[in-house]
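Read through the structures below before going on.
Here subunit A shows up in two complexes: once beside subunit B, once beside subunit C.
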Partner chain A sequence: MNGLKYKVVAGPEGFLPPAAASMGVELPEAGQALVEGCSVCASEGLQKIAEKLVGAENPVFFPGPLILWNWKDGVAEKAVALKELAEAVGAKIIPMPDYRPKYPMINPAIEVNPNHPNLTIWHNKIDVCVFIGVHCHYANVALKIIRGGTNCYTIALCGEAGHEDAMVSLRDAGLAELKKLTALVRKLKGEV
Partner chain B sequence: MIEQKVVTPEYLFFEAERKKQLMTGSEAVREAIRKANVDMAISYPITPQSESMHLVGDIFAEGYVKEYFRGENEFAVMSSVAGAAMAGVRVFTATGGPGTMRAFEVFPTWAGARLPIVCAFMTRGVNSPLTIQPDTIEMAYLLETGMLMLHAETAQDLHDMILKAFIVAEKTDVHVPVGVFADGFFVTHTKETLEIPEPNIKLPSYNPYSSPVPPMDMENVPVRQMRDPFVMKSNFISYAAHASWQQEVDAAAERSRKYLETYLGGLLETENEDADVLLVTSGTAVCQSREAMAIARAQGLSVGLVKLKSIRPFPTEEIRALATRARAIIVPEFNRVGWLAKEIKSVIDEPRKVVGAPRVYGGMTMPPEIILDEIRRVTR
Partner chain C sequence: MNKPIFQISPGFEEIMPPEYRDLVANGPYGKGFGVGDLGAYKELVEEHPLCAGCGLALSIRLALASLPNPEDTVVVGSTGCSSLVFPQVALHNIHSLFGNQNAVASGLKRALKLRFPDKEKDVVVIAGDGATADIGLDMVMQSWFRRERITTIMLDNEAYANTGGQESGMSRQGTVLNMAPTGKKFPKASIPEVAQAAGCAYVAATSPAHPKKLEKAVRRAVLIAREVGPTYIQLLSPCPTNYKFKPHETIPLIKQREKEGTFQNQEYISEEAQRFLDSLEEARKK
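Moving on, here comes the complex of A and B:
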């Protein structure tokens, strides 16, 4: 480390970008969010996410198994809220149904995989993507690969502790946060 | 078995009333596991670890551990605990010396699979001719396996570190194995007075649904397929995924620092840290260094002590800051290769300040006088 604060920004950053955590970026405390490596209050993080989604040319949501499968109480409601959010943004949804590597068999038009997410981003020319419902390890693996090889802006709506390797990351993101985000998006688009 | 109440980790670690008890390090392991709400423990005997896992077997018989069995050998044990952790249960094992070596292939896969296994290593020599005596050389081999490494000075440390290790290991943003190391015989087979909470309380159970990887049901799709290894192909896509995966394991260790600060009170602790000469070490070499420091200070020498509690993650910034002030850094070690001195040299600006001595091995003890010799040498 050279003493300069490491910035988590859209790439392509290079051949093998480092893990942001190894460059001194720390996960946000409760009530905080991470924006490009810096902790901010959660409401500021929500606003930044809404702005990025509304300003994107081709935003895409990548829902993972934790929200694709109705495996515990509250997940179905969260999935419905996510669909409403994607519709409010005008974004596509490309699922990450599981984590086994599928290269070279993957059809990047219809799914994304954490071990080679860049293929789906390149194929679909995605400029902003949102991870939600992806197990934290696999999200982090994918987020670094995206930062390394693409210019896609990454957002992580995490139900746990958040992600240093995303450009914007919420922690403890639940149903309420999704609804707030939808309201913010509609407000920015002048629909309310 | 007495009825146990689930309490918060913070209550068990910091607030619960503690009572004094005289016991060995092996018995301290038993008392830690009694309160750790462990689902499964798997054992294979090797001196000086055998007694501790035997005692864990005793409390399994009493009902404090839900499942317990003996594996075929250490490789089988370490593979079995991996399977248990993948399935989403809290698991404990222990080994030492040649047992560590025999199981070695499995250790890096624990971290790579993000398994929050806690393993106690009762360290001993691994060389030929055969020795069963204390030696910390196996720690040198384990440094880059991705597991967190805590080094106990005393049986009290061993008891407390094992309990805290489960909680740190199971944090969603950490979720890698923790090795708790104790110097064989010196800690495991000697008695000291511990202060420990009553056995009527225990840690909350592990929640596998907050794991950063899905718990695995080995028998059923699609979960089974979710944890398949990468396709072993020679292409950049595969290499990049492997690289990012390994970076994420290192990142997990970085994230553990804040939890170790909270639960251990820091990755290291100091006595007289502004002294001209610092004795920097870990494990039972700390006890001997403390004795040497006391004698040296009584003779008017400016000597301080740095006790390293965490080896992985390594307290890089803390040591760098301490090294700036010190004129010399003496690193006493119970091994031949001086792995700790190398670690310290690698992170400070002036590695020539580091004196990699005294070193004893093969079961030798470390009298404070040989540490004093080094202190006198650097203060001449």
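Moving on, here comes the complex of A and C:
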């Protein structure tokens, strides 16, 4: 890893942290992942995610609408795999069912919203969170807010090209990657 | 549910916040509910931050309950009191720049037609009188000139209500408001006439004092917009905060306005739109 590069690390970085892309962090190529702003191979990224999840005090998954709603073929299988992963980690799941800016009515104990994810993180004292199934632009906004105002470590399991603003980001994360991650978590926990 | 998009993924049913579970189980999507069913299902808008007795809140509640296909409707809003409600509305909705709502709705309708050529997707603009008759009148009228297949609903509270109470083009002559202390010097604009002249196939003016009339107007407007051309509805929605009357006086005030002739329920249907409505009626009878 290049020491001169901008590092995407846990905050709080300030009220308006720069977008990682504007600091030179580029999205990973196919087969790669991003770890704290640097491109690594996907398997290394998976390993890092599994280690972070297993080592966390209060890891929480934030599934978005793309996985919470059974809107097309393949989603149900992915949802079941995500539940298995969360169970293997021993993590809570707090949903982001849509993107309405419901402030000040959001209940941070049971939901997360892209416009103020910090409320959910502070309320639940979350030290590691995982975004999955959140549309790109809303994930970017939320990840930046989290980095700006909290010390939560962010992970993005992205079905598309990845997220520069997450501390670890996997791209093209599908059913197979979720299953691999579950196996890695179980291995790290000594369950297999 | 007849729409797979409103199914919760397996395993997540218990994790979803209760209001979402309620919307899936008891929401109006795909069920053809109307205002007569209010109270018997989970509404699209429930809690909102508008003032007690707000006529606009009543109008929005009834207009949303009147949509023929809420699951395939996108609402475009604009700046104003109504924009405080839409974050709580369980429908696709877009907030546009102040006054830009009909331009956004035009593009949206065309894009939806390209994306879903075999499906009816209704685009309904719901904005206040400032956005519709003053700041956005250019965009509103241009969308009518272009015969865009959208419905425009103006929530007419006769003021700029959430900025302290300035007069709008829809305030009546002589109206005194907090920020219009000497009284408005010009008469209320007649947007229904403008809409008719600008090419709207259906124009109606009504109020939440007549829920069934309001429902009929919204349904007709949305259906006509699909097949014939642009439609316009004006809903008188008095503002207790700026006009300084008690919250429970909203509906009596509208009725008083009707009695004294300062507000009239009206409806205009173009010949083509009437033929379309007749064909719907014939099909229904068969």
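In the analysis below, the second predicted complex is superposed on the first by the 188 of 192 C-alpha atoms of A that agree within 3 Å, B and C clash if a C-alpha of one lies under 4 Å from a C-alpha of the other, contacts with A are read in each partner's own complex, and residues count from 1 in each chain.
In this text, contacts are C-beta pairs under 8 Å (C-beta built on N, C-alpha and C of every residue); 3 or more make two chains touch, one makes a residue touch a chain.
Keep in mind the model is a prediction, meaning the values are calculated, not measured.
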Inset, instruction - In the overlay, answer first, second, both or neither for which of subunit B and subunit C A:Arg100 touches. - result: both
Inset, instruction - Could you say whether A:Leu175 touches subunit B, subunit C, both of them, or neither, answering first, second, both or neither? - result: neither
Inset, instruction - Figure out whether A:His135 sits in contact with subunit B (first) or subunit C (second), or with both, or with neither. - result: first
Inset, instruction - Mind working out whether A:Leu27 is in touch with subunit B, subunit C, both or neither, as first, second, both or neither? - result: first
Inset, instruction - Answer with first, second, both or neither: which of subunit B and subunit C does A:Glu160 touch in the superposed model? - result: first
Inset, instruction - Quick one: classify A:Lys144 as touching subunit B (first), subunit C (second), both or neither. - result: first
Inset, instruction - Applying the touch criterion given at the start, work out whether A:Lys83 contacts subunit B, subunit C, both or neither, answering first, second, both or neither. - result: second
Legend entry - subunit B versus subunit C as contact partner of A:Ile67, first or second or both or neither: second
Inset, instruction - Pick one for A:Glu111: touches subunit B only (first), subunit C only (second), both, or neither. - result: second
Legend entry - Set of subunit A residues, in rising order, touched by both subunit B and subunit C: 97, 100-101, 103
Inset, instruction - Over in the complex, which subunit A residues touch subunit B? Could you list them? - result: 16, 18-22, 26-27, 65, 72, 97-101, 103-104, 114-116, 119, 135-138, 140-142, 144-145, 148-149, 160-162, 164
Inset, instruction - Show which residues of subunit A lie in contact with subunit C when the two form their complex. - result: 63, 67-71, 75-76, 79-80, 82-83, 93-95, 97, 100-103, 105, 107, 110-111
Inset, instruction - Provide the residue numbers of subunit C that touch subunit A in the complex, in ascending order. - result: 4-12, 15-17, 20, 47, 87-89
Legend entry - Touching residues (chain side subunit B, partner subunit A) in the complex: 114, 171-173, 175, 209-214, 222, 225-228, 230-231, 233, 235, 237-238, 240-241, 243-245, 247-248, 250-252, 254-255, 258
